[in-house]
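You will see two complexes here that share subunit A, one where it goes with subunit B and one where it goes with subunit C.
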Partner chain A sequence: MKVDILHRPDSAIAKIDMAPQEELVAEAGAMVAMSSHLDVNTTLRRGKGGGVFGGLKRMLAGESLFLSVFRSGTQPAEIYLAPKLMGDILPYQMTITDLVVQSTGYLASTPGVDVELGFQGLKSIFSGESIFWLTARGTGLVLLSAFGAVYEIEVDGEYIVDTGHIVAFEKTLNFSITKAGSSWIGAFLGGEGLVCKFQGKGRLFCQTHNPGAFGRLIGSQLPPR
Partner chain B sequence: MKYEVRYKPAFATVFLTLNPGDRLTAEAGAMASMSAQLTMKTEFFGGLIPGLLKNFLGGESLFVNEFRNNTQQPLDLVLTQSTVGDVGIVELTGNAICFQPGAYIAHTPGIQIGVQWAGFSSWLAGEGLFRLKLTGNGLVFFGAYGGLSQKRVDGDYIVDSGHLVAYDPGIKMSIRLAGGMFGSVTSGEGLINRLSGQGRIYLQSRSTSGLVRFLRPKLR
Partner chain C sequence: MNEIAYSIDHSPAYASLHLKLKANQSVLVESGAMAAMDTWIKMKSRVQGGLMKGIGRMLSGESLFVSEFTAEGKPGEVLVSPGVTGDIQHYYLNGNHLMVQSSGFVAASPTVAIDTQFQGFKGFFSGESLFLLKVTGTGDLWFSSFGAILEIPVSGEYVVDTGYVVAFEDTLNYKVEMLGGLSFRGLRTGILGGEGFVCRFSGSGKLWIQSRQLYPFINFLNPFRPTKSS
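Moving on to the complex of A and B:
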């Protein structure tokens, strides 16, 4: 499998060349174009994140209930995948470290990677922004999508990120929901609200723009549905 | 203080390094991420009364956050804006610059921030009754929806309301219909903003009101 990310960073699209007998899992609705002989299935995946319950949990997380599975069969094939918002796509190579992904940041993964709801779900309710997190574990490639560009922070010690700017982080990092300033009143009035504080050592991926903030800016000027 | 604007022009984002003792004030919500040792303090925007005016009439947040490095090592701060687009930087040397609501991102110490009556014509142009005026010595960061164009105005000049981001205080605004009543309706330009005076203006290549006008009829 060969992955090329084209048109970075503003209009990124993933072009994936698949060898025969290869498989790719993607968020439903992410497919833009593909070879006609690709076999497409929607799946409720087995394993910890699979089954009906796993699917329901994914739906709660803002992920589609079904993931699409693309199989190349006997011939090589190609497929283009893209997220909905303007922004970059980040390929992340999974090895031994689990990756926690913000629920809207998942685009696709190779079959060796299991995607399930992370235990962070409950904690994050208080963060106000995206409520759920997905945990990717296993070996293979994960494609992450971002609103804006992606910048990487090698955390060693402590680092603070506004909840709307997190794309993914390695699970070697501990995270806690906290206030950014010194006072609780300031934390709510100051517009930063609650933030995520990461502790430990690991890689953290942030997006330059906050989809929630942009949505509120435009949404507040639109009539109610 | 060191800074660098990366991912220009679509996703312009300000990456700053604050040295020990450095301070920076930023709009509420502008912080994307930062070193955990950085001290953040929330304040009223330019004092309580201007803050209130700004909130209710200028359409911006009532609060700003002051970031301060109280440690002995350089610390990182990343600032951004809610829209996608470019970021501009203006250096003030005793002069002033005015911002339309939503454009301001951050400023260095040495700059005073004030809210000024902009007049009814500004409000009619969809720009708010009050405007933000920054005066003093230092750097000001501001953002645009789309690309930023700088232009020097000398005399009269016309801009579409919604595309003006920042301007020198010497520039006055007055509202006109674009090309008379009939032409104004048919050309889709509606009200236009006639500027007069001398100074710099900054224009953004897209406007959020334009995006809202595009989306509104499509909602069901």
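Moving on to the complex of A and C:
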């Protein structure tokens, strides 16, 4: 399987060339175009998070209920995948470390990777952004999508990121929700609100823009629903 | 040949079309898309191909009028920007036809005819466009997208989600269908937010797709709208 990410970072689209007998799992709706002989199956099942309950959990996570599975069969095939919003696609090679993905950041993965809903505890409720995170484990490639460009931070020690800017991070990092300033009042008046504080050693992927902030800015200018 | 000199700048995110007209050369531009021009360029609104065709264009979501810009007496420049951010693609028509998604028209030579074609209910469920523009004649054509444009040379069969089709050569046949594997136990995933309706192209020819769709972006913004106070 060969993955090329074209038109980075604003209009990124993934072109995937599949060899015969290969398989690819993608978020339902991510398919833009493909070879006509690709076999497509849309399923609720995926890893431990499979079955109807897994699907419902995924829906709660802001992820669509369905995952599509693409199989190349006897011939090579190509497929284009794209996220919904403007922004970049990040290929991440999974090995032994699990990856925690912000719920809307999952685009696609190879069959060796299990994607399941990982509840990160009550603390994430207070992050105000998304309660649910997906945990990817196994070996293979994961394609992540970001709003805006993606940048990587090698955390060694401690690091702070605004909750709306997190795309994914390695499970070797612990995180806690905290306030940006020294006082709670200052944290909210300053507009920063709550932030994620990471501790440990591992890779952290951030997006340059915050979809929630963008949505609130534009949305408030639109006529009421 | 009466080709129009041009460049496409800032693509694919913010593509704008820079037309360099020769003395007395004209170009048709989507009404309202002119961003800047030399002072000696004369603009004239026109309903291409008569009123009925113009009304057809209005129905297809395209503005009723196109504007004709002419560099009177000496060479001049016109800068054209489509309404949405994205990419622009050039195509030279040589007596053949090109089908363009109805909101994709940017500019063309005056020798090119633009026709709306009712596609029946072929494209109805795409949420995108019931109409395609059929462009015929000889001359330049520029069309636009939301997101980047990718060219796919089709030989045989190819499947594209209906919302991502930008344009295709008329040597390609197409039909809109529900892709079987995208439904689950009778549940149509297309309704539940996944892809469902696709265009199946067959034959040999070029096809252009866009890397984003406008509708999902609008759907993303919708929950952020204020709620009506009763």
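By our rule, the second predicted complex is superposed on the first by the 222 of 225 C-alpha atoms of A that agree within 3 Å, B and C clash if a C-alpha of one lies under 4 Å from a C-alpha of the other, contacts with A are read in each partner's own complex, and residues count from 1 in each chain.
Keep in mind that, in the parts below, a contact is a pair of C-beta atoms (placed from the backbone, for glycine too) under 8 Å apart; a residue touches a chain by one contact, two chains touch by 3 or more.
For clarity, every value in this text was computed on a predicted model and none was experimentally measured.
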Partner chain in contact with A:Met31 - subunit B first, subunit C second, else both or neither: second
Partner chain in contact with A:Ile177 - subunit B first, subunit C second, else both or neither: neither
Subunit B versus subunit C as contact partner of A:Tyr159, first or second or both or neither: first
First, second, both or neither for A:Ile218, with subunit B first and subunit C second: both
Which of subunit B and subunit C A:Ile5 touches, first, second, both or neither: neither
First (subunit B), second (subunit C), both or neither touched by A:Ser68: second
Touching partner for A:Leu141 - first (subunit B), second (subunit C), both, neither: neither
Partner chain(s) touched by A:Met86 [first = subunit B, second = subunit C, both, neither]: both
Residues of subunit A at both interfaces, subunit B in one complex, subunit C in the other: 10, 86, 216, 218, 222-223, 225
For the subunit A and subunit B complex, residues of the former touching the latter: 9-10, 86-87, 148-149, 151, 153, 157-162, 165, 180-183, 185-187, 189-192, 197, 206, 208-210, 213-214, 216-218, 221-223, 225
Residue numbers on subunit C that touch subunit A, as the complex places them: 12-13, 85-87, 147-148, 150, 152, 156-161, 164, 179-184, 189, 192-195, 200, 209, 211-213, 216-217, 220-229
Residues on subunit B engaged by subunit A in the complex (per definition of touch): 6-7, 10-11, 13, 15, 27-42, 61-65, 78, 80-84, 102, 208-209, 211-212, 215-216, 219-220
Contact set on subunit A toward subunit C in their complex: 6-7, 10-13, 28-44, 64-66, 68, 80, 82, 84-86, 211, 215-216, 218-220, 222-225
